[in-house]
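Next come two complexes built around chain A: one with chain B, the other with chain C.
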Partner chain A sequence: MTRGLKTVGYLASLGLAVAIWDGLIRCGLANADLLPGPGAVFKSLVEQATTAEFRADLWETLFRSVLGLVIGAAVAVPLGVVMALSPAARGFFEPLVKASYSLPKISLIPLLILWFGIGTTTNVIAVVLSTLLPVLVYTYHGVESVPKVLLWSANAMGTGPREMVWRVRIPAALPSILIGIRVGLGLSFVIAIAAEMIASNRGIGKLIFVYGESGAYAPMFAAVTAVVIAAATIDIAFLRMSDYVLRWSDSHAVKR
Partner chain B sequence: MRIRRLREASEAMKHQGLETTIGTVGRANARPDKIVVESVSKSFDGMRALDRVSLKVRSGEFLSIVGPSGCGKSTLLYMVGGFVMPTEGRIVADGKEVKRPGVDRGVVFQEYALFPWLSVAENIAYPLKRLGKPADEQRTIVRRYLDLMGLAQFADAFPRTLSGGMKQRVALARTFAYDPDILLLDEPFGALDSQTREIMQEELLRLWRSTGKTVVMVTHDVDEAVYLSSRICVMSQRPGRFVREFAIDLDQQMTREEMVLSEQYRRTRNAVWLSVREQVVRPGMQEGS
Partner chain C sequence: MVRIMTSVNSVASLYPLVLLAMCWELVARSGLVPPIFLPAFSHVIAGLWEQFFSGDFTWPVLTSLYRAAIGFAIAMIVGVVVGFAMARWTVVNLLFEPLIAAGFPAPKIALLPIFILWFGIDNVSKILLVAFVCVFPFIVAAHGSAMMVSRAQIWAAEAMNTSHLALFWNVIFPASLPSLMSGIRVAIPHALVATFAAEMIAGGGGLGGELVYAQRFFETTKVFEILLIMLMLGYVMDVAFLRLRSHVLRWHDQNDVTE
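Up next, the complex of A and B:
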């Protein structure tokens, strides 16, 4: 019931935006050559979606962003846990994290091209570098801020140091870790597409760039729309998974 | 004016012979000391929270520590638990100096401290697993305490779906199930509504009587302390020290209703209440709540 109503609300909101977009062009307020109408974009999207090349490009982009996020999280989660547990590790990594936090990782792409050439490796590394820090910071705070009373209680019940990490700290930090990964998920598509524009011969990012350069705006918007749909689908799937994994959790931080 | 009246009232209590010097109540009883607190002080950032506190808790005793909020009574309990180290002095439990938490001392916190990611049954089984009990024995014990605490139908529920009273029931079941010799209770019923609190108190009393464990409970509820304890120690304002001690010897055959109405209960309760009150209302200080 509530979920159904929510979906209706979402669709109404999106429908209204599309209607305004369409209206602007029909009333001549926007130049249809520079901003194609939703009809033209939809038509182009359907046409392109039937071609194997387009699907391969979309797949390539999704593969790069998800792989980058998986590698980033695989490094960031253990590192965040270690930083929260060991003052020495914290002392060493904290300045590095702080120094690199505000650095736009995308600006490293020319350097990455120099080292790894044009292609998947450079793209994936750009995603890894960008998603690493948010996941790391959320994990660190989650593990570090486990309520003292839970740790005391676990201690009193004979929990050893190793069990304390696996059975108490990590489960308690899970809501926070999953929020970090979701933030990383949002970033990963942005970075993958931006990286493809500069450092790839394939992928949706490259496609958007080429269409944009050649003035083929309807296909360009169609490609953007395809990415939005794919990213939203993956995000929803991730949320569903989080809802299930965190079904014990009081806080709705990660839930809708 | 009011303070003087309190003083006089408490002087009167002394004459009634209710009150004795610390450490002498029930000394004739030859049971061994289970917990010994030897001249323990605790400071936080130079602020003294506890000042040379000494206490002996005999095996099988139910001791309550009452006092104004912020007097350091919980800190003392945490030190017995081994979570916090004394600045001076030492604490001995079962002949061994307390250096860290141990499974001989079970703790129940006001905030329940259940693991929210484990079901009720898994929470109760947790310490049994840590102690390496065989799986079938774990199951039997968990089943017994689920039944005993009326939790059977919630075995697979996550704690977040339970009311405060139910959560505290799980916390008590979890602690009783792994059978520590000593129970440390930190305002265990402080977060519960009054009906639930009374029911839980009765369950605790029943469990204590049937197991003979040594219990140290921190509370600010005088009625709770008088109803449950065999002895009550009253703590002063910060820095906390023990100022009074009461032996409670109520007829255990009485129902709670009879007990609350009895002259002996009222007298004891008023004596303890005045003694705590005296600590809360002190010259030059705002009256606490």
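Up next, the complex of A and C:
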């Protein structure tokens, strides 16, 4: 199937889902108080999108999650590379990673609130801590499992140890690193929004919660829709960027 | 002798954890950080030991596990059915693929207020949130693994006049079990995260609820105790799952190769 046809199919399917949603309410099968129709939600979304407050809240959440992800990746990628290259570093960090891996990092939010109070610091640190491990593990496995053939041929061509890391191992591990960052991207939104719902004074998570508690359901659905659209857009943008960065990689081309 | 040596080595390799615990203890004891921010490691362990015998944490642990398990089970049934149907019928695939593409990256936790509105603030909304979070990895795993079942096996079954249901149950399900198991392993932490998050946001007991109460009343020792319990729960479940998997898949020839 060509790309254009696929897009048409996607839009048709999503359109059908919206039509069913609308039909449920029009036929009285769903209570419009509990499930506002797509028209009402869309109207509310357009109304809110024009207010500065709403945009500031959405922006705040996106800023927190992206900043946290960038810091997390900036720590995790070098650490993963070092762990894959040096047995001593691996021996030191591996038990720490294994021990902390099974803790749902979202549970650290109350502790971070105790330490740093409510606000951006707590939020960003929570995102950093939860994106760190997935990126680290993917980077480590990527650098670790570079095909031997690549290393041998580089060796045969007289590649020095530094070039081996920069020009062979890291590029070969790039597909894996980017998958790790994409996993982290998904997590970063969840954590940022959850942290805002648990305790915050700003952000879209807070806004959704306030709407829910005050019974403003159409705006609540609109805000949730905005979050879903934002997350999907960023995910697609990241995929496109990965495709572009990895356009030279044959293993990546096969997978897609 | 060799076995003793390797087990000595594997204990010795845990030195960073001991180092971490010692640093924690030293910093807490030195008075650099007040205990309300960082209670000593030994106090946390002692507290955990006490709570273990007094049974204060038994009910929260069971509540959280109950919510996670029911949500997980719903997700597994729905996810496997939808995933297999997508692999079998192109129409189903066309209908569901865009919805999954839109739903997978969405931060599902944002839907919690909607679930509370529909299903109340008690158990049902939390269980359904867990199910909604876990259903996506299950659909993707079931779809992917059913697509990889060899055509020859399906043709052979069809040639023997196997019914649809029997085809799913006797051929596609067992053949896709190995990669389904990987999907389950991905979904377990998701289930725990969703449960704890829902409990922290909406209250209603469970480990997440207890954690937020402990934080609000500045019972930092209790916060650390609960975090350690959550860590152990996640670890025990992963180890138990790996055991279960190697038991279930003992007939599978790749079983020894994958971890």
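The rule we apply is simple: the second predicted complex is superposed on the first by the 250 of 256 C-alpha atoms of A that agree within 3 Å, B and C clash if a C-alpha of one lies under 4 Å from a C-alpha of the other, contacts with A are read in each partner's own complex, and residues count from 1 in each chain.
We adopt the following convention: a contact is a pair of C-beta atoms (placed from the backbone, for glycine too) under 8 Å apart; a residue touches a chain by one contact, two chains touch by 3 or more.
None of the values given here were measured: they were computed from a predicted structure.
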item	value
Touched partner set for A:F63, first chain B, second chain C, both or neither	neither
Touching partner for A:E163 - first (chain B), second (chain C), both, neither	first
Chain B or chain C, by number of chain A residues touched	C
Touched partner set for A:L111, first chain B, second chain C, both or neither	second
Partner chain in contact with A:G205 - chain B first, chain C second, else both or neither	second
First, second, both or neither for A:S100, with chain B first and chain C second	second
Set of chain A residues, in rising order, touched by both chain B and chain C	none
Parts of chain C lying in touch with chain A, wherever the complex brings them together	13-17, 20, 36-37, 94-99, 101-114, 116-118, 189, 192-193, 196-197, 200-201, 207-208, 211-212, 214-215, 218, 220, 223-224, 226-227, 230-231, 233-235, 237-238
Residues of chain A touching chain B in the complex	147, 149-150, 152-160, 163, 168, 171-172, 174, 247-250
Chain A residues within the chain C interface of the complex	9-11, 13-14, 16-17, 34-35, 91-96, 99-111, 113-115, 185-186, 189-190, 193-194, 197-198, 204-205, 208-209, 211-213, 217, 220-221, 224, 227-228, 231-232, 234-235
Residues of chain B touching chain A in the complex	78, 81-83, 100-103, 105-107, 109, 111, 113, 115-118, 126-127, 130-131, 158-160, 174, 178
